[in-house]
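Chain naming follows the written order as A, B, C and D, and within any one chain the residues start at number 1.
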Amino acid sequence: MSKKNSYKKLKHKLHEIIYEADTPTGKIFDIVLLIAILASVLFVMLESIDSIQEKHGYLLNIAEWVITILFSIEYILRIFSINKPAKYIFSFYGVIDFLSTVPKYLSLILVGSHNLVALRALRLLRVFRILKITRYVGESNRLMIALKASKAKISVFLFFVLILCIILGTIMYMIEGAENGFTSIPRSVYWAIVTLTTVGYGDIAPQSPFGQLIASIIMILGYAIIAIPTGIVSSQLTKVEMTETNTQSCPNCLKSNHKENAEFCYNCGSVLNP
Amino acid sequence: MSKKNSYKKLKHKLHEIIYEADTPTGKIFDIVLLIAILASVLFVMLESIDSIQEKHGYLLNIAEWVITILFSIEYILRIFSINKPAKYIFSFYGVIDFLSTVPKYLSLILVGSHNLVALRALRLLRVFRILKITRYVGESNRLMIALKASKAKISVFLFFVLILCIILGTIMYMIEGAENGFTSIPRSVYWAIVTLTTVGYGDIAPQSPFGQLIASIIMILGYAIIAIPTGIVSSQLTKVEMTETNTQSCPNCLKSNHKENAEFCYNCGSVLNP
Amino acid sequence: MSKKNSYKKLKHKLHEIIYEADTPTGKIFDIVLLIAILASVLFVMLESIDSIQEKHGYLLNIAEWVITILFSIEYILRIFSINKPAKYIFSFYGVIDFLSTVPKYLSLILVGSHNLVALRALRLLRVFRILKITRYVGESNRLMIALKASKAKISVFLFFVLILCIILGTIMYMIEGAENGFTSIPRSVYWAIVTLTTVGYGDIAPQSPFGQLIASIIMILGYAIIAIPTGIVSSQLTKVEMTETNTQSCPNCLKSNHKENAEFCYNCGSVLNP
Amino acid sequence: MSKKNSYKKLKHKLHEIIYEADTPTGKIFDIVLLIAILASVLFVMLESIDSIQEKHGYLLNIAEWVITILFSIEYILRIFSINKPAKYIFSFYGVIDFLSTVPKYLSLILVGSHNLVALRALRLLRVFRILKITRYVGESNRLMIALKASKAKISVFLFFVLILCIILGTIMYMIEGAENGFTSIPRSVYWAIVTLTTVGYGDIAPQSPFGQLIASIIMILGYAIIAIPTGIVSSQLTKVEMTETNTQSCPNCLKSNHKENAEFCYNCGSVLNP
């Protein structure tokens, strides 16, 4: 076997390990990566706490270098083992993977400017790596079907909520005014969102009796309106759960989505496989 | 063709563009109007921020004049192209359209009183124009059917919540009293609404142990009560979603509950009536 | 006709007007009573606002006397027109009706002690009269059926929430302690309820990182747990809505709850009335 | 009958009383235990209030000794009456039962160190005994079936919420920074959880306009996302509730969907198979 052939074989083997999870080594790779990502997120979080950074800054630096080198190796292997590297490099995860390793190396070159704000921000992007974990979560297909089916309705609903908040915010700006904390319409709209969604920080709160009346109406509205997205998702999920269609397709016309106990195709009348 | 005829034709053409959205020009008109409305709402919001008003007041003034003239032309064309102008003028949108253009012209006449409060308030009414956008949103018919069907039940529910808040507010007024911030019954009722709807500003909060006990009960009540409107909307939507199956039964085996587009019985394979 | 007979007739007529709502005079009586109750609640609320009490105290006093005399007449007529007065007098509404008239008369006798706290508290009981309005609300039977059916489940749920809050409150008392506002276990339990129900006043908030971790878990728990009562009511309402049973009972075995399109009794097989 | 036999009989009798609830004495034991647990929880709570501890400390001490001795007797009897004591001793309740009696005895030995913090913490563990009460709550089987069925989906959902909060918290840390209260990423994540779950303490709140914009998006997101767990539980419960109809179809007309207790077909009146 030629050298080229063994190179190809290695590439194929690596692809199997990195991009697939069926083989034992593929599974081990996934678990190691998962732990590394969780550790890197933990380090990013710990680093942002001043007291920890002061005391254990040296340890965190070492830990970060370990993670960075691990991620760098992963990044290089991913490019090496795929047939079309560009596809990976310019994908969402490709960009995130790149941005989560580069800042640490840059910090070597820009020694003096160690605390460069932009660099720090770049390093925080590593948090997005956590999204990779979502791949490991079981698909939970029905939930996704129901959510996709209700996407349009929920968009309409959110759009309606936004318009409502703009109008209610403007009304409150007229009633309460700057002296009660409603200094501008965007700020009033922010308050309306805080109130309608029942978050209620309390940093801005109506002071005049009439303002409190309007606020009460907004709250009760928000309390009732929340029923709408909930109802949408509930009904969709119920529908998906109840119409337990079996997964086979008709041997004659290929139509699927038959009733669970169907014996004949609802479309062409052929006998279905039991 | 007479002049009158061509006038009629123009009127008809304009009606098609302004009031209908089927023709290409009608669609372009709609999109331009939509952008203009969103821009006008944005300007209203930006204008209310003092720092922006100070810096970019001149630019905002020009932008507002452009919007005002655009809206004025639209208003005149709408009156011109409709057969019964009064119907439009005194409709909700007609009044809003009028009120959203007039204040800017008034500001020319009442030069000295540029900051007249009433005028400023009138200008804010332009925000209601945003409601026009709701026309462009897909009808989402089923949602509307379900909401209309649950309107009566939700009204009963909101009425019950209001009575509950009045009673609970009065009780808290007796328990906590003015020294703990519950200075009057309306204010206590306001607090009860803030608490029951789980908004929880924290501007008024019970201080006495007994008051906190009652408050705890109100919170748990609010936490459980929210299930009612949600349940109402969910069940209505589920009903609407589920009754998609057609109502006929198989002429051979009498089975019903066929899929909406079924042509053959899923049980015995007989041809269903179309 | 003897005097006694005409007395009986008057009593019967009054009973019809006061206790029934089918006759025109009965309806008028109901509407007048409804307005009087709403007015009395409004007066109680206004009276509690110090600034209004100071300015319009005299007017409010007159208005209260009018309401008190109206309610007194209603109370006397109710006792007079019913066959078993004791049944009314010791009913919930009978006690409330009595307590909502008496304090005003007592204020005449106890002139000096006009601001007697106990008396003031008694007068506030008039607010409970607002519950009478609930009688006028359409029954909304299905909602009640569903709520009654879910009562047991929701009780279990609320009981579980309470135990959870006691345990979580105790844990937070140990973690945060008196120096961070968690001065006692009942107060910590109060905080746990405020947090779990997503009310979130912010008057007590965890300060230590570990406390904030536990608080985060409580919040996410509360956010997920709210799904349970909502799910209970939704499913019950869906069941009630979907199983549209017709209201007739079997002419043979008297069983009811037949399927809407049932033609034969599911219990004894007799033909049902169409 | 030998001594050993009567010992065995006593042991069996005790087992019946303590571990089973079918006999009258078993029921009385359960009720006494239940009251003792509730009382002990009440005492733990009261003890933590400084003002009550000062005034009634002596009484509380006596009450605690009574409870401690009662629980000790119960603990010994439980060990004595079970065949495999180790199974009970190392069970969750066994450990809790032990830990809820020991601290009081330790306080005798460690007289000087009466307020030992660790000891106090141990005594608070008695609160967990309240979990025993949950055994007395009717099983509410269907609720449990539905919750178990939705466990996987809700876990996925909570995991997704957590990732969302970490990312949103990191973004807010970059936008707002330490000067606006977002001093570290964990604290920002805590804020994101407080906001997304609509708790909204207000101890940390965004100050910059851009931060308030992101906060608004988080709130609306939280307001919409809550629909997902609710929908999951609702649909599961609906499914469980609705599948109460029996699965057989009529032997004569083949109609299915009969009521669970139906003996005759609702469509043709034929006798159904039992």
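Everything below uses one rule, namely that a residue touches a chain if its C-beta (ideal position, glycine included) is under 8 Å from a C-beta of that chain, and two chains touch if they have at least 3 such contacts.
Small disclaimer: the values here were computed from a predicted structure and weren't measured.
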Relative to subunit C, largest Cα-centroid distance belongs to chain A
Set B-D beside A-D; more C-beta pairs touch across A-D
Across the interface between the identical copies subunit A and subunit B, with over half of residue numbers shared counting as same and under half as different, the residues used are different
Taking each chain's centre as the mean of its CA atoms, subunit A sits from subunit B at a distance in Å of 29
Rounded to the nearest Å, the gap separating the Cα centres of subunit B and subunit D is 41
Distance between the CA centroids of subunit A and subunit D (whole Å) is 30
Shared-interface residues of subunit D (touching two or more other chains) are 186, 189, 198-202, 222, 226, 230-232, 234, 236, 238, 242, 257, 267
Within their complex, subunit B touches subunit A through residues 41, 44-45, 48-50, 121, 124, 127-128, 130-131, 133-134, 137-138, 140, 143, 146-147, 154, 157-158, 161-162, 186-187, 189-190, 193-194, 196-203, 222, 226, 229-230, 232-234, 236-238, 240-242, 257-259, 261-271
Per the touch rule, the subunit A residues reaching subunit C in their complex are 198-202, 230-231, 234, 238
The answer for subunit D against subunit A in the complex is residues 152-153, 156, 159-160, 163, 166-167, 170, 173-174, 183-186, 189, 195, 198-202, 205, 209, 212-213, 215-216, 219-220, 222-224, 226-228, 230-232, 234-236, 238-239, 242
